[in-house]
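Input: a single structure, listed below in structure tokens.
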């Protein structure tokens, strides 16, 4: 479904991604793990068109999206839940969700998708007309995910969904991710909490200073001594 | 280090003497002399504003008001009270300093554009008050001011401004100002009295632009409230941004360049302002971080060797 | 008492002029946080476009207004694309300097093209003076027209920004451009639309200003523009009803100071009050106290 | 990034180069007499500077067509001082020291003119201004000495205001007057002070006095105040653009007392903006009237109208006179030596100008009659001419 | 050493912190945990003077510090880090640290402006002390780099160094391990223990990473909706039913 081939990304003089290739197949949860500054977020941002690669190719559903504008990429079915949630604090919860469906046409469809999101995140329904900035961190994360789902994406990119959340919320968020995937959305997940990520993912890639160093089935990686030592605190 | 300073010192003296000789013998034609003085005054105005806007991150648009205070006070001293020039200049600067404290204390709690508009308001208040004070000629201003500003004074005060502000910035006090710009809340929790440093930077800036005002008044024969309109504050701001926020050498270069540009454009008649405006836009579009960014032009940079310090791509925190 | 009412009416009509200009100003600011110093000049170009539409094309007032809006919108978009867009990721101060540059360019370009003379704006709408309170208070049809148009424009703006999809996108862009991109919003075109609307509003203000004060001039936009900006700040910059409130407040304060104290000290008092208001309420009258999350 | 810096530097060097070639081209033609024209061509008061410059260029063309002066043509070097006093000094310095002009015309406003005085005095180049009316222009207030090289073709503030006061009290018979002046303008404030003094001396009373600011558009608040004051006449020593708005807004408020003003009123735009009706019952003191049937005046009015498409205002007339006066002085001096021209200027006697026949008094101010113009249905009509004492 | 009594902070009627009683004894390492939005950071902001309490007292070494400005509180021996890193981005790593020792600086404004000897001495002292601290955190080789160019983990460490340079008696750490992987977190734990001993610090820390909190804290306060719902040793907290319900979840 998504194929990233040999991309190189620079921030000014800093070479942030060095020939990164990865693939996500339909229906999978794939996770990208690695230390801070390894280039995980950069990878996601490059896929969704916020950053441009200098070299390399990105294919989605058989189409080359290497240089498509961000809104085109969204239209094709890739949504991202950015790191730090990035909700529109000045808009109401409902408006945030509606922004998620910005490219969707037709009021009926919008209503239906809204209903679906409310089902998944009942807490959002309670706070529809509240300014999003007044939500708690956990609620904001749910809103950010709900907002991304409003676009009815085929592929959902999640950037550090558990960051700064209470343990109880981390569990909840991960179970929701699983649910979303089971309902048919493919997921590419970037996580600091490698243990959790590997526990729900099918496959994983390990990034180190801008390079993919290992990849394989999540289970296998979770058991690898090397990975345990470096990323699982074991 | 020592040898470098000595070299710089010699260069500065040589430059002084060369220009002195050139003006005395008429090697520099009178028209360029006028612009030479404007350059010096603009350098002082830009460097002092840079301390407020560039280093401390406070967008203040009332610089012309302080210049007016310096100009008027010094002229009153020399013309009406018969005091010596040096005393008049320092008194003008001191008055601007005090007004700076007075204005800074209430307004510097404001942020970004609110501060900009409040300081702009203060500048206008000063101008409008002067319009109504008959002692200083009201709107007509004071004319017949003796031409006491000469190359020596101009040079001394310009160097003094650069020297003192540079020393200030490269000290724990200057770093305190920069920390206020970068992150006010963190600065305060790290033990920086942010109000103190904002007001300090503001009034030091006012002090030096007060000197600029005094030098201006004693070169240009006439001062009027209209001379110190907010457009003059903008001019100084243009030089600061054009040179690079937080770069003293940048401000100096920009002040020289802008004065030079203005002088060169005189031949274009009525088109001069159109061209100037166009250049302003073009320069900003192609070099938004200013000529120098936040870097300084140092001896080492000029003559090889690597410079320590950050890159030029610092995000602006000035008006958030 | 009658004088006070007369003066309040004067203040209201001056205030509605400020409010009218401040609306466009504050909207552009609210979305892209740029003090668009060229707003006054776009207003000026709009006024000249209206002038030529009435005198040369012999159009009526409202068709001329449309022409003025179209011209200003085109100009606004060009200015945005050429001068502001390249600076979108630069410091706000360099954008501010660019805006000043654009403003100076249009002013002096205007002096070249339109000449330095004041031009008399035709009376496209008949002026009727209504007198009441025994002739002590008067109001003209022009004042009423401006007041009504200002109020209507405020509601239109509020509607656009708060009720339409574009408006939602504008607010999203104003808060977080990258996140808006991730929603599929074409940020560039949203900003262009913002400028287009702001410029259209400037054109309306320009034509009304011309009609009301009867002269237009290449520098006509700068002082009212500055006053309108002050009004916008006073009301809480970026907030549409704030621009309205700030405009009226500024107009009324100016009028009362001129009428009861001294017009020579008016600006001193007005700026003094402005500072006091800001010191007491640092985010303007209607500004929300968005204390930084620590 | 790096490249941009050099691009910017390149742009500036380009500008400098262009500027340098610009000034190089003008040199070397000694067959002409160079006259500096230093006026406000952009900025706040560009309207006044431009009309003056236009009239000067018209005059020079006429003189050159008629054979020039001393067998040479006059060449005007026109530079813009941006309505900025500092720039005016810069421009004057350039004109005097680089262009080596034999005389300096302008600037229009008092502030800008004052600032040029040190330069033209140092290089002994005569200056004629057409509209700077402040007494200090020609007389150094500290020494009370006449400035040797400074002349003007307009009259100074006091006589005009005195004539105005006399006209108000004696001819119109009013006792209570209000004054509305431009607080940011020395010309306006100068007139206001003298007028007030003389009205009081003549037994009248100033019942209200207020200042406006040059950028004002709205005058109703103050006018409403005037209305309550019982003033029988309102004196507005200001420029036409504001005056038109003030009169029009006053009439709207139902103020029907007469208005009186000064030469700043004179412009066709006054009628266009305020409308003929509002201007009935208004008067102003002026240098000349375009309605003046004399052939000289009518020739000027027609020539100006043909070239620039509008009726010349009094600033055009005084500027036109300044240009002719200079040509006349050069002729009388018989040389282009600046000091000789200065001497000839100082000796001017009965110069026959558009704005009347005049001689310079000891303070280099023209002694001429002042016209009082009444606006009747939008037409300027000559009410009377008064010679100031 | 530090004590709050009925500390309350309301934002427009909503109590973010209510009736909080907190006590820190000399040399303790205390954790403050709780769900997002429970008011933990608000507590920090109250303690450091960024917010003014609506009600209640904060007593530092026997003296009330309510109403004192943040810089005054810092001078009394309290320093902190921030949840969302707040470094002085455009300054170098070294200068970031030197800023925090500003109020200890030994040279005056005149000596600064005129470059007197005391300026050079003062600067030298500050630099030496800052480098000493940076060495301890393995950041000394990056002292000339711009703070914003450091990787995330190092920025977090630099924040701690900066706080230490203010010579605090009490150190408040706001989610120091946020965004760190388990290995980095482990290193951090060791570091915190080390500086506590070395500088004789009392530490209060907010953290979601339970391995860290449970691993090093001696006592823990659990906050929910601005109120303390539990308080005790890590063992007690781990088994507290209300805490599990509100915060930890089953099977923690």
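Some notes on this structure:
Just so it is clear, A, B, C, D and E label the chains in written order, and each chain counts residues from 1 on its own.
By our rule, a residue touches a chain if its C-beta (ideal position, glycine included) is under 8 Å from a C-beta of that chain, and two chains touch if they have at least 3 such contacts.
The structure displayed is predicted, hence computed values, not measured ones.
Between subunit A and subunit C, the least number of touching-chain steps is 1. The pair with more inter-chain C-beta contacts, choosing from B-C and C-D, is B-C. The chain with its C-alpha centre at the largest distance from the centre of subunit B is A. The geometric centre of subunit A is 72 Å away from that of subunit D, both derived from CA atoms.
Between subunit B and subunit E, the centres computed from C-alpha atoms are 40 Å apart.
For the pair subunit C and subunit E, the distance between mean C-alpha positions equals 47 Å.
Residue positions of subunit D with contacts to 2 or more other chains are 41-42, 183, 213. Across the assembly, subunit E contributes residues 50, 82 that each touch 2 or more other chains.
Contacts with at least two other chains are made by residues 128, 131-132, 185, 270, 273, 311, 315 of subunit B.
Contact residues of subunit E toward subunit A in the complex are 33-37, 83, 151-153, 175, 178-186, 208, 210-211, 246-249, 252.
Per the touch definition, subunit C reaches subunit A in the complex via residues 165, 168-169, 171-172, 174-176, 178-186. On the subunit A side of its complex with subunit C, the touching residues are 48-50, 69-71, 74-75, 79-80, 82, 86-91, 95, 98-100, 102-103, 147-148, 151. Residue ranges of subunit A in contact with subunit E, taken from their complex: 35-37, 135-139, 160, 163-169, 171-172, 192, 194-195, 229-234. Those residues of subunit E that touch subunit B in the complex are listed here as 48-50, 69-71, 73-75, 79-80, 82, 86-92, 95, 98-100, 102-103, 105, 107, 109, 112-115, 119, 122-123, 126, 144-146, 148-149, 162-163, 166.
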